[in-house]
Every structure is written in structure tokens, then in C-alpha cells.
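Structures for review follow.
Okay, so subunit A shows up in both of these, paired with subunit B first and subunit C after.
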Partner chain A sequence: MMAAIKKPRIRLKKIKFGHTCLVIGMLALVCFTALPMVAMICRAFMPLDELYLYPPRIIVQKPTLSNFSDLLTSLSASEVPFTRYIFNSIFTTVVTVFLSIFVCCAGAYGLAKFKPKGSSTIFAVITAALMFSSYVTQIPNYLIVTELGLVNSYWALILPKIAVAYNFFLVKQFAEQLPDAVLEAARIDGANELYTFWKIAMPLLKPAWSTLAVFSFVNNWNDYFSALVYINKDAMKTLPLALQTLAGGAGVVARSGSVGAATLLTTLPTIIVFCIMRGRVMQTMTYSGIKS
Partner chain B sequence: MNAKVKRQKSKMDTRKSITGYLFLAPFLILFITFTMIPIAVAMGLSLTNYNLVQTPEFVGLTNYRNLILEDDVFLKSLSNTIIFAILTGPTGYLASFMMAWLITLMNKGRGAFALAFYAPSLTSGIAMSTIWLIIFSGDRNGYLNNFLMNLGVIVEPILWTKDADFLKWVIVIISVWMSMGTGFLVFLAGLQNIDPSLYEAAKVDGMKSRLQELRYITLPLMKPQLLFGAVNAVVGAFGIFDVATSVAGMPSPNYAAHTIVAHLYDYAFIRMNMGYASAVAMILFLMTFVIGRICFYVFRSEEE
Partner chain C sequence: MKKEKAKQKRKFLTMEKRRVVEAYMFISPWIIGTAVFFVNAIISSIKLSFSDIVQLKGFVMEYVGLANYEHIFMFDINFMPTFIEVVVDTLINTPLTLVFSLIIAMLINRKAPGRGFFRTTFFLPVLLGSGYVMEQLLQIDATGAVGVGITLPAMFQGILGNTFAPLIQAVLDRITVILWRSGVQIILFLAGLQGISSSLYEAAKCDGATQWEVFWKITLPMISPIILLNFVYTMVTYFAAADNALVKYIIKSVFTDKQFARGAAMGWVYFAFAFVMCGVVFVAAAGLSKKEER
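Moving on, here comes the complex of A and B:
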């Protein structure tokens, strides 16, 4: 009897020791991931004298908002105000995300619930397209965008990024789980196909398209290559490109406060969007595996 | 009677197919225009000499021959890309899995740990490069130089981003940092989805350690998630470009940070040699596709 009680105790200790090691290891890893982020956030609020302090500090001592007001009000960096870049980024990202939600959800719903002839081939092609790096299609896409006369327009940044295999894949795996009975009931009640999709299926697919929204937002917000290739007019640049212009070139020292503020403004939105949507994202990712 | 039912059924099937395709149409049109046709066009262009002004001139496999036999910078970019991919892909993938596994075992603080770990994957490579340039700054004001000099490891500041030998490692560290979260969410979801009663049953059957659980229950059940994560990791690891160019510049010192995508960009959009650049793109395509296929084979689900 005594032995029976003693045994689990020893095991408990072992687990505790292992656990402590693990927690230390995890903390080290989290330090590696988090320290640059902390430095980034602090530098945005550092007054100029602290930015050039020796020895350099990571944590800000006297936080100030002057970097942000410098960035948003000054015109000296270029003729285009920084708010224009913020608008460009927000506009193209939001429109892309919305269109991608509609196009990918409708497609995934059509494929998963109607199983049209040839649907397994289509799905196989889309799954294969998960393995295409977007850089591979960049040159022909440049030719197509040029041919359509879209260079230096918002559409150049939007149109090629709507029908993304990754987005389609996420929603399709989720749409498979939609109960046919619910959709059938709506049809028997006389709803047409569009109404059934819009009013019945879309609400049920909400976790899936919320996740799509997060990933699409993060990818498009951070996308640098598309803007680099399609945009050469200053006023049409998006944040990553504008930030790169701001951070390089002449007068860097005088602007390093603004660069810090711009870096934070470029980084923060994706993190906020992710934090808001975290619960739904987890719900969808459960279905995201590939069975081959 | 039977024939009538059959005919009605096939009629309904046709109608179902048409409705399905109507829903699919917008996606398919855009997908074909901006993904499928471009792949085909890239294949075709890679066999030509094309400078955007004159009509493409067919040159057969000359571009590929030149790439492999004469373009030393390409070979350098190829070896850099493979080294970066080998070091960052598996590291990010394994770290993500370990982290997801450990977080599901935790009782408290899951959310904070998950966010701290995942946040780097959400950041823009270009934005963070402004911070990396300060961390790896070559003077004594750089965070890393200052830290190492305080510890007494180095006496003189090191030119991290100017010296080709160090530069390579700087890019690897930054890429690992950014790839930490690859597959993290998929793994986390997959782990949370495993029926806990399986672990209890295994315990009754004499399974002793967490590692055994991992080997015999968790990993086999997570194959679909592991595959999805792996495919994304491969594509990400071979696509290192924006961080490398904005930290190291283009061209980087001694081409130490020159990757395949950088070579592609250089030939396509600076030198306007679209045929040659397409050949570079096709080699990138082949590499990710073949390795992706290998992942499909390794993580195949047995029941099907």
C-alpha cells in the first residue's frame, strides 16, 4: 500500500524537473523571438538622443510621441505624405482580403458541396499549387498586368492576389464539414442557390473565412515583391516599399526617429488583427491538414 | 421506370455540376489567369531570349546551359539558397512543432507564450530589417557588438553585415527568426484535436513516457498537419529574398546573401532579360515542387 502511494510521487518529481528545464528552454526561445520585437516597439518611442546613446539601450527611458508626429507631418522625406502610404496599404490590403473571401468561399463551396464533374482534378491542381512559390509566376504576371494596363494602379496589387491556392484550400477543407441537411432544408423552403450560399453557408463558414482574412491580411500587408515589381510611382507605393525608401538614402541619421515610428506602424496592424481573430483561426486550422 | 429515374438523376447531376461551376467560376478565372497560365508562360519563356521590347526568340535550352555552366553568380545563389533553406526550413519547422507540443502540455500562460512565439511570423521582413540593421550594426553602437564587447567575447566591433563570412549567418539567424511560426498554428490545432482518451488508453496499456506518446500516438495522427506545415516551410525556405536584400543590400558583399529569388529579380526587373530570368524561376519551381512531392510521400496518410 505504501509503495503504491510512493511510486507516483517519484514520478511527479521527475516530471517537475523535466518541466522546469522545458520552461527554461521555452523562455529562452521566446526571448529570441520577442527581443527584436521589444527593441522595435521601444525605438518607436525613443527621443533622438536616446536613439544614439552609448552604450545602446533596448528599453526606452523617456517615451515620446514626437517620432510619430515627425513622421506624419513632415514632408521633407519626399513630396508624398506618409499618410498616403498608409492609405495605399490599408486600401489594397482590405480590398484584396474582401475579394479573396468571396471568391475563395464561393469556389470552395461550389467544389465541396456540388462536387461538379472533374472536381477531384481541380482540387489536385490547387493542392499542387500550394507548392508553387509566388516568385515563379512573377514574370508572366508582370507581363499580364502590363498587358492589362494596370501597372502603377491599385488593381495590380489586388487582382493577382485574390485566387490564392492556400486560401481556397483552407476554406475547402472546412466546407466539407458543412451539413448537407441544413443546405437541403433551405432549398426545400424555396431558397435559391445564391441565397442558400449567402445566408446559410457563409455564416457557417465564418471560422474558415475569418482565418482566411487573417492570413490574407498578413500576407498582403507584408507583401513587398508585388509592389516592387508593379509600382514605380512614389504616390502608389505601399508601406514596406515606402519604409525602405525612408530608411535608406540621405539624411538617415536625422530621420531614424521617424523610421522607428514607421516600422512600428508597419508591423503593428498584422499583430492586432491576429490577436482579435485568434480563437477563430484555431478552429479552422484543425481542418487544414492534407491527406495524401 | 428505372430508366426514367436514372435519366432524372443524371439530369440533376448535370444541373448540380453547372451550379458548382458557377460558384467556382470567379476563382477559376483568376486562378487560371494569374497562376496556371503564368506557370506555362514561364516554362515557354525560359526557352527564349526576351527583353520586353523585341519579340521572344527561341533559343532552346541555352538559358539553362548558361545558368549551370557559365553563370557563377547563379551557382553561388543556388548554393546560398540551399544552405539557407536547409538551415531555416527544418529549424523553423521543428521549433514550431516543439513549441506547439509544449504549449498544449502547459496549464497556464498558453496564450502569452503562443503570441510571443508566433508574432515574428506576422511581421514584415522589410520593417524588421530596420531593427536588424541596428542589432547587427558594425559599430560599437550595435546591440550585438555592444553585448559581446561587454561580455569580453570580442574586443573590436565586428562588421556583421559587411563581412561576407558573417553576413551569411546573419541572414540565417534572421530567416530562422522569421520562420519560427511556420506551421505553428496548424500544429497547435492538430494537437488540440487529438482525442485525449487515446493517451489514457495508451497509459493503461503501459505507455510510460511523453516521448513514447509523441512517437506512437501524436505524430501518426498529425500527418495531415505535418504535411501542410512542411509544404509551407519548403516554399518559405526557398523564397528568402526581401530580408536578405534589405539587410545585405543588392548585390550583397561578395554575393554572400544572393539567393535564387534575388537572381531572378536582378535579371527580370533590372537587366530586363525575361527569358533568362524565367529559366531561374523554373529551377526554383522544380526544386520546391520536387521537395514538396517528397514531403507528400513522407507524410502520406496510410489509410488511403
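Moving on, here comes the complex of A and C:
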């Protein structure tokens, strides 16, 4: 630990005064960025009297676990076991991520490498779709899901989120870089198209779809809005929605502490996934940025 | 006979046609998904905006022409003020986001210790910044815990006078939200900066250019395509953000007040405006780059 602190100091002495200022400035910006996260973590451990102090505090003074135990008691009071929510969330998120990756990769590969007639139209639709807020399509989508009779089923949470324009766009950027020679070689060796796609193109596209997996996971995990719209049965609720309703929702005074605890619990999986995949995500984002 | 016929049939499906069929075999799942949940949704949303729902059960619609749009502009007292507020907010936030993310990207791009740490910190909000968590955090913001951030010391207020002090205070108020929204932009700028070949900088150094000149004459022109990309991206994300007052208003009127048709009409007015704004940016950028060529 000591060595870790000392090392940059020695370096800083060698570097000019300007660089020290720079690092300090950077740290200030980092503080601003980290502030909401610190606030979120602290609020999960704040006792109720501190939550309503004025002026409000960011850093917790007397951390307690009472918020978590409050949340647990309200959880055990509900009829649906807590594990059911976890299962709902994990199941829908994982299925969505897998299907989305498969559909988007296949589509992007077909579009980028075959360039069939009408590909420019499809691409125009994608760019248009990138600009739409999902809220514009939310109303009609609700009607469609109702018509299909999918309300209160897992499919309502999965189907609308498979063909995502952003995912398609990202993979297409990559698919265009695939060397034709490799694909051609596979074909000459007698591989059929599906085999070429699955065994040659997919491994080459791995940086793209692994990044996508992280994004897709995070977005779907966090997305409680579609669950709010499509699901009204307790047993089918996803974790973020369930935690929010159990904690009494934002703005309810009595359970503000539990809301904080619930928020922290909801974000944990996304942070873990990000930490595992960090290096790869950064690489892909930088790489795809150059190309677009 | 049969064999010959089969041969002929195969000839109809030429190599080229086969490729097209194969291509669509790959794309079709995506096309179906988009057709059902995007194109279909868009079309019925347009239809909805021109009609009135006579019966909520079964969604019986009746064509009413421009009545919904008329209502929005003539009778709805909340729509226009919210709309203007959102537009002004976006116009202030977009340039600020661009400037901040460019500065941060340039700082991270230097080979300094702790680069990875800085990168991760600035990027992390992108992952948390959607949906539930962001809403929660903005809630905190509303109660003041995060918003307190920094208040301008009274001394500076005296020096800066009444015109500049509120301006700087406004920047300080926005800074956290802006930094939370600039993760993707920083990455894109970083990619652009790393794409500039170092020989350009070396040449400039040999010619005795200062850092300041290098920034204006080399860095900025070289990343101008990315500035445009970021500008449009930032604008679109601000327009489409869930915490945006107008989006909130639309959601409220649809899902709370059950005004489906009016909500759809509002959504379209809003989208059309965002679309036009992006178009203006593109045209302006094209004009600027032409000027430079001359």
C-alpha cells in the first residue's frame, strides 16, 4: 500500500508544476462524477434522521444496516418469495441478451457481407430508429403486446427488446471489417452459410458482441419502465420494479431508507458485470468510435 | 425428363439470387422484430395522433384530423412552456457537454499515471445512468443532496458582478449532470484523438508551434467529424432522456391521464422538432467545412 502511494509522488516531483495542477483538476472532475455514486451508497446506510437533515448531507455519519433489514421485513411480508423476483429478472435479462445478440449479429453479418438489394433501405431504417426515443413507440408497443396476449408474461419483457437498432449498428460497424478472404476460404472448403456464420464470423465478431452483452445486460437489468407497463401481476415483476414497489416508491417518506438500500442492491449486478468486462468494453468502444 | 426439369429449375436460381436469399435468411429475424415493434409501432402512433379514442376497451379509434395537434398548441397550457424549457436546456447543455468531454478526453489521452482509473470513473455513469438508478439519483438531486455541490463564494460574486455570477453558478449547478452524461462522448473523442497521427504533432513542434496553436490548428480540425457526431449524439440523448421534462409530461398524459391520442401527437411534434434540429446541425457543419476548403 505504501509503495503504491509513494510511487506517483516520486514521479510527480520530476514532472513539471503544470502536471500536478492537471492531476488535481482531474481529481476534482472525478469527484463531481463520483458524487452521485457516493451519495447513493451512503444513502443505503443512512439512518432515517440523517436522511432528512437540512442542509442535507452526502457522507453518512452513523452508518446502520437498518435500511436493509427494513427492506427484508417488507420482503418477507409479501406473498411472493424474493427468489422469484431474482429469477424473473435474471431469466428475462439473460434470454433477451442472448436472443438480441444472435438476431443482431446475424442481421448485421447478412447486411454487411452480402449487401443484398434493399440493404440501403434497411440501413436508413436503423439510423432513423437510433434517433427515436423508446417512449414514442411505447404506447403502440403496449397495444401490440396486449393484442398478442402477452401482458403479464416473460415474452412481453423479452420480445420488444430483441431487435434493437443500437446493437445492430454497433455489430455492423464491426462486421464490415471482417476479411472477405477468410469467409471465401470457408466457402471453398465446402462450409455452408450457417456454418460459416457460426464458426467463422461469430468468433471474429467476439469483441463486438461481448461488449454488446454488457450493454444489453445493463440496460435490460435497469429497465423497469417496460416491466411497469407490461406487468401488473406481483409474481411476474422483475427485481427493480419489485424493489421499488416494496420500498414504497420514490417520494414516500416512511420508507426512504429502504429505497436507498433497494437502489444499491439493484445496481450491484451491473457494477459486477462491468468490472469483469471492463477492459474489453473500453477497447471496443474506442475501436468502434474510430470507424464510425 | 424429371432430372432435366430439376436442372432447369436450379438454373433459375442464379448464384446472385441465391446470395440474396441467403442474406435475407440472416437478416429476416431482425427485420421481423423491427417490423413488428418499430415500424408497426411508428405507423400506428402516427395514426393515433390523428384520431380520437372513442372507446378505451378494444381501442376503437375515430379519425379527427388535426384536432389533437390543435389542442396541443391552442389549449394545452403546459405543453409550450415545457417544450421551450426543454429546448433551452438542451441548447445550453449540449455545448457544455461537448466542451467538458473534449477537455477530459484530452487530459486522459496524456500518458499520465492513473489513466485507467480516470477512464473507468468517467465511463461508469454510462452504465448506471439509464433507467431506475438515474431517476433515483435525480430524485436525490431534487431534495438537494447532490445539487448542493458547490455554491460560488460570495467574494467571487462581488468580483464577477451580477451578469457573470449567475452564469457561472448555472454551470456549477449543471456540472454533475453533465459529467454523468458525457461518458460516451469522452470515449468517442478519445478514439478520435488517438486516430491523429503523431507525425503531425512532431512536424508542428519542429516548426515551433505552441501548444495553443497545435490545439487550434491540428487537434480541432482533425477531430471535427467526431465533434459533429458527438453534437448530434448529445442532442439526441438530451432530447430523448427519460428525465426530460417534456418526455415526463408526455408519459404522464399517456399512462396516468390515459390521453393516448394527444400523447402520440405531442410525441410527434417533439420528434419532428428534434429531427429538424439535427438537420440544421448537419447543414451548418457542411457549410462550415466548405468554407474551410476555400
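Here, the second predicted complex is superposed on the first by the 211 of 292 C-alpha atoms of A that agree within 3 Å, B and C clash if a C-alpha of one lies under 4 Å from a C-alpha of the other, contacts with A are read in each partner's own complex, and residues count from 1 in each chain.
Throughout what follows, contacts are C-beta pairs under 8 Å (C-beta built on N, C-alpha and C of every residue); 3 or more make two chains touch, one makes a residue touch a chain.
Since this is a predicted model, take the numbers as computed values, not measurements.
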Contacts of A:104 with subunit B and subunit C, given as first, second, both or neither: both
Partner chain(s) touched by A:24 [first = subunit B, second = subunit C, both, neither]: neither
Which superposed partner A:219 touches (first subunit B, second subunit C, both, neither): second
Partner chain(s) touched by A:267 [first = subunit B, second = subunit C, both, neither]: both
Partner chain(s) touched by A:259 [first = subunit B, second = subunit C, both, neither]: both
A:32 touches, of subunit B and subunit C: first, second, both or neither? both
Shared contact residues on subunit A - subunit B and subunit C: 22, 26, 29-30, 32-34, 36-37, 39-40, 43, 55-56, 58, 102-104, 106-107, 109-111, 114-117, 119, 122, 125, 129-141, 143-144, 159-160, 162-163, 165, 168, 193, 197, 218, 222, 224-225, 229, 240, 244, 259, 263, 266-267, 270-271, 274, 278, 281-282, 285-286, 288-290, 292
Complex contacts: residues of subunit A adjacent to subunit B: 22, 26, 29-30, 32-34, 36-37, 39-40, 43, 52, 54-56, 58, 102-104, 106-111, 113-117, 119, 122, 125-126, 128-144, 159-160, 162-163, 165-166, 168, 193, 197, 218, 221-222, 224-225, 228-229, 239-241, 243-244, 247, 259-260, 262-263, 266-267, 270-271, 274-275, 278, 281-286, 288-292
Of subunit C, residues touching subunit A in the complex: 19-20, 22-27, 29-34, 36-42, 44-45, 48, 59, 104, 107, 110, 112-114, 118-125, 127-128, 130-133, 135-137, 139-141, 143-146, 148-149, 175-176, 179-180, 184, 187-188, 190-192, 194-195, 226, 229, 236, 239-240, 242, 247, 250-251, 254-255, 260, 263-264, 267-268, 271, 274-275, 278
Touching residues on subunit A, where the partner in the complex is subunit C: 7-8, 11, 19, 22-23, 25-26, 29-30, 32-37, 39-40, 43, 55-58, 102-104, 106-107, 109-111, 114-117, 119, 122, 125, 129-141, 143-144, 159-160, 162-163, 165, 168, 193, 197, 214, 218-219, 222-225, 229, 240, 244, 250-251, 259, 263, 266-267, 270-271, 274, 278, 281-282, 285-290, 292
Subunit B residues touching subunit A - in the complex, by the definition given at the top: 16-24, 26-31, 33-39, 41-42, 45, 95, 99, 102, 111, 113, 115-120, 122-135, 140-143, 146, 150, 177, 180, 185-186, 188-190, 192-193, 222-228, 231-232, 234-235, 238-239, 241-242, 246, 261, 264-265, 268-269, 274, 277-278, 281-282, 284-285, 288-289, 292-293, 296, 299-301, 304
